[in-house]
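Down below are the structures I want you to see.
Each of the next two complexes has subunit A plus one other chain: subunit B in the first, subunit C in the second.
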Partner chain A sequence: MSPTVIDQLFFIYFYISLSILSIGVIVSRNIIHSAFFLLIFLLHVAAVFLFLNAEFLMAIQIIVYVGGVLALFIFAIMVMNIREELKHRRFVKFAGSGFLVSLLFFTVFYGFVRNIRFETSKPLSSDTNVLGSLLYSYYLLPFEILSLVLLIALIGGILIAKKTPREDR
Partner chain B sequence: MINQYLLLSATLFTIGLIGFVVRRDLIVMLMCLEIMFNAVNIIFASFSYYGGGYTGQIFVLFSIAVAASEAAVGLAIVLSLVRVTAISHSDEIRNLRG
Partner chain C sequence: MMETFYIILITILKTALYFGVLMLHVAYATYAERKVIGHIQLRLGPMVVGPHGLLQPIADVIKLIFKEDIIPSNVDKKIFTIAPLISLTAALSTFAVIPVTDKWFIADINVGILYVLGILGVGTYGIIFAGWSSNSKYAFLGGLRSAAQMISYEVALAMSIVGVIIMAESFNLTEIVNRQAQYPLGMFLFPQIIGYFVFIVAMLAETNRVPFDLPEAETELVAGYFVEYSGIRFSLFYLAEYLAMFCMSALATICFWGGWTIPPFLLKIFPFLSIVPGVVWFLLKVYFHMFLFFWFRGTLPRYRYDQLMAIGWKVLIPLALFNIILTSLIKYYS
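Moving on to the complex of A and B:
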């Protein structure tokens, strides 16, 4: 088989499995099961980044999402008491109308964006050196602002989730 | 081609939107936000790949950092909501005062 056919087969596999995993996040009854569906989903998204010649993004995706965000989710689930969640109903009352509106969003969005073409025929090569030098020269100010955003989010998260509620003051 | 990445990203974003609207649990709603962030990241990376510039990948980096801080603050809000009012479903919240 030619390499393009193999690429197509892999892409079809990733399309189907990403759709199934994200539907599994929504429909599973146990929140821990949702978290583990999300884990495999994030690893598949990292593999899709490899298709797009973005190896640095793949590493960052695995480190930040799987190592940070998902651990935070599982930690929050375990701090809360979810034992009585299992017999509750999962969906809100207006779930059908929300589903229909989301499908309408899909048709409008995909119909709008379907005919995008790019002029350049040569795809991007993977080069992490260029990415790093660009990040520290041209995008230096957004990078520093981003570090401030992370610091403020950290302090805010600690302050909001602190143990002492309103009564103690 | 870029068309298949657009289809993938639109599908994932729609599934995340459906989950955010439809589910009751606040933590699963935050997980659906992460699904939507990942769909947008895929579309940024594919534009960077086919457009021939590295700006899209840098925007994906920024988007990942913002998503991490969003998850931290959102989970803190859900945690303090559960701790103060013992509610963890989105359609049971009655008042805005904590």
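Moving on to the complex of A and C:
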């Protein structure tokens, strides 16, 4: 058993569990159970990043998705009444068309991925420094545009939240 | 091949050692808390079990393990049983990257500080899930409060450390300590005093301690998110809270107090101090921060909920942003 065999075993584990967890997210009837599956799913994705030698992405994945996005999801879910939701029938009517669409998607996706040739360069010791210097030199314009888009979204969110009629007026 | 197994074996042994030491620390932190608060209030604290009550934590652990594990009816059983484990696992995992000295650590990763912040955020889910699954209004309100509080204060906590990261030019915890030794005072405490203040306040709120213990405010919510828990599951939450306190203390020690190093000027005045091993300094600094937690609990009243949110968003985050700008300006022009 060389280290590469161990690596591959870990990869097989992660891809099987990722598929099972992602099915769990959409299959569970209880929305909190879905959120729980999503939590474990996102942590697994972070572990996959770690195996690809992307430490920084691993940490950011945990902080942004696990610590921020999902926590806000659950916070929103908790103030809803999910007892109503449990009584509804499931959306099985569209299962056939959904299957067809996903088949089409994966066929196109396979055709796209098949022709990719990976550069086998040796892994960097630390991706954080490289990422920082690239982000502030070569990718400066896209980075600035993205921050502007985020700022606009932020201001828009505040504006929408302010529009709700206040009771004290 | 043998090398891989050797590394795995050593890591497991190290983890077991860390685990044992940590558990002992947590047990005696509860004892220290009761003693410190007792003396603040002119009481004696635990005195019955053993000399000066020294065996009290062990008696408590035995009591908690043998208590009946009650699961109320109408709870969401799966989530209810998993929730304390999420909290505990998250709190324990942070210690994987925390270095005690420059040679004693389980893992030395390049993004150590980000890892600690991220994993601490996972601990919130234990509290949220516990509050939701208990099917009790007190627990639910406690969980909601805790979720809002931890999301808000995580921002301030992360931002307060950015100044340290800018000065150290690294996310690596060992590197941060080594950089501090190059400064004349040997610690980032004085150049980063604003960051340290924000960190201490956010640290209290993140670990749900007085004066920000609103998720478990006993006068309003009985005990908050863990009302319905009993026996060993209740003690798992307790364990997670104290582990998070130790983790925060260790983080404050590493980022602001120079970790296991001694300030160089102290070493010049008292040269004999160099024979003291680094572990002792590290533990002394961690114990000081733990004492700070107990001291605040014995001194301060609880904040109101809107005051808590106002402090987080209107005071701490602007202060931390100001600190970041100031630090980067000084760094740029010097």
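Worth pointing out:
Here is the rule we use: the second predicted complex is superposed on the first by the 144 of 169 C-alpha atoms of A that agree within 3 Å, B and C clash if a C-alpha of one lies under 4 Å from a C-alpha of the other, contacts with A are read in each partner's own complex, and residues count from 1 in each chain.
By our rule, a contact is a pair of C-beta atoms (placed from the backbone, for glycine too) under 8 Å apart; a residue touches a chain by one contact, two chains touch by 3 or more.
Computed from a predicted model, the values in this text were never measured in an experiment.
In the three-chain model built by superposing on subunit A, subunit B fits alongside subunit C with no clash.
With both structures placed on the common chain, the touch criterion links A:Leu135 to subunit B but leaves subunit C unconnected.
Contacts of A:Val92 after superposition: subunit B is touched, whereas subunit C is not reached.
By the document's definition of touching, of the two partners only subunit C reaches A:Ile32; subunit B does not.
A simple residue count on subunit A separates subunit B from subunit C, and the partner touching more is B.
In the superposed model, A:Leu43 makes contact with subunit C only, not with subunit B. When the shared chain is aligned, subunit B and subunit C each come close enough to touch A:Phe56. When both complexes are overlaid on chain A, the residue A:Met78 reaches subunit C alone and has no touch with subunit B.
When the two structures are aligned on the shared chain, A:Gly68 is found in touch with subunit B and with subunit C.
Figure legend note: subunit B and subunit C, brought together by superposition on chain A, show a least Cα distance of 15 Å.
In the superposition on chain A, the residues of subunit A contacted by subunit B and by subunit C overlap at 56, 60, 68, 72, 79. Interface residues of subunit A facing subunit C in the complex, by the touch rule stated above, are 1-3, 6, 30, 32-33, 36, 39, 43, 55-56, 58-60, 62-63, 66-68, 70-72, 74-75, 78-79, 126, 128. Within the complex formed with subunit B, the residues of subunit A that make contact are 11, 14-15, 18-19, 22-23, 25-26, 31, 34-35, 38, 41-42, 45, 48-49, 52-54, 56-57, 60-61, 64-65, 68-69, 72-73, 76-77, 79-80, 85, 88-93, 95, 98-99, 101-103, 105-106, 109-110, 113-114, 116-118, 120, 122-124, 127, 130-131, 134-135, 139, 142, 146, 149-150, 152-154, 156-158, 160-163, 165-166. On the subunit B side of its complex with subunit A, the touching residues are 2-8, 10-19, 21-25, 27-28, 30-32, 34-35, 38, 41-42, 45-46, 48-55, 57-58, 60-62, 64-73, 75-80, 82-84, 88-91, 98.
Residues 1, 4, 76, 78-79, 82, 109-111, 114-115, 117-119, 121-122, 124-125, 128-129, 132-133, 140, 143-144, 147-148, 150-151, 154, 158, 171 of subunit C are the ones touching subunit A in the complex.
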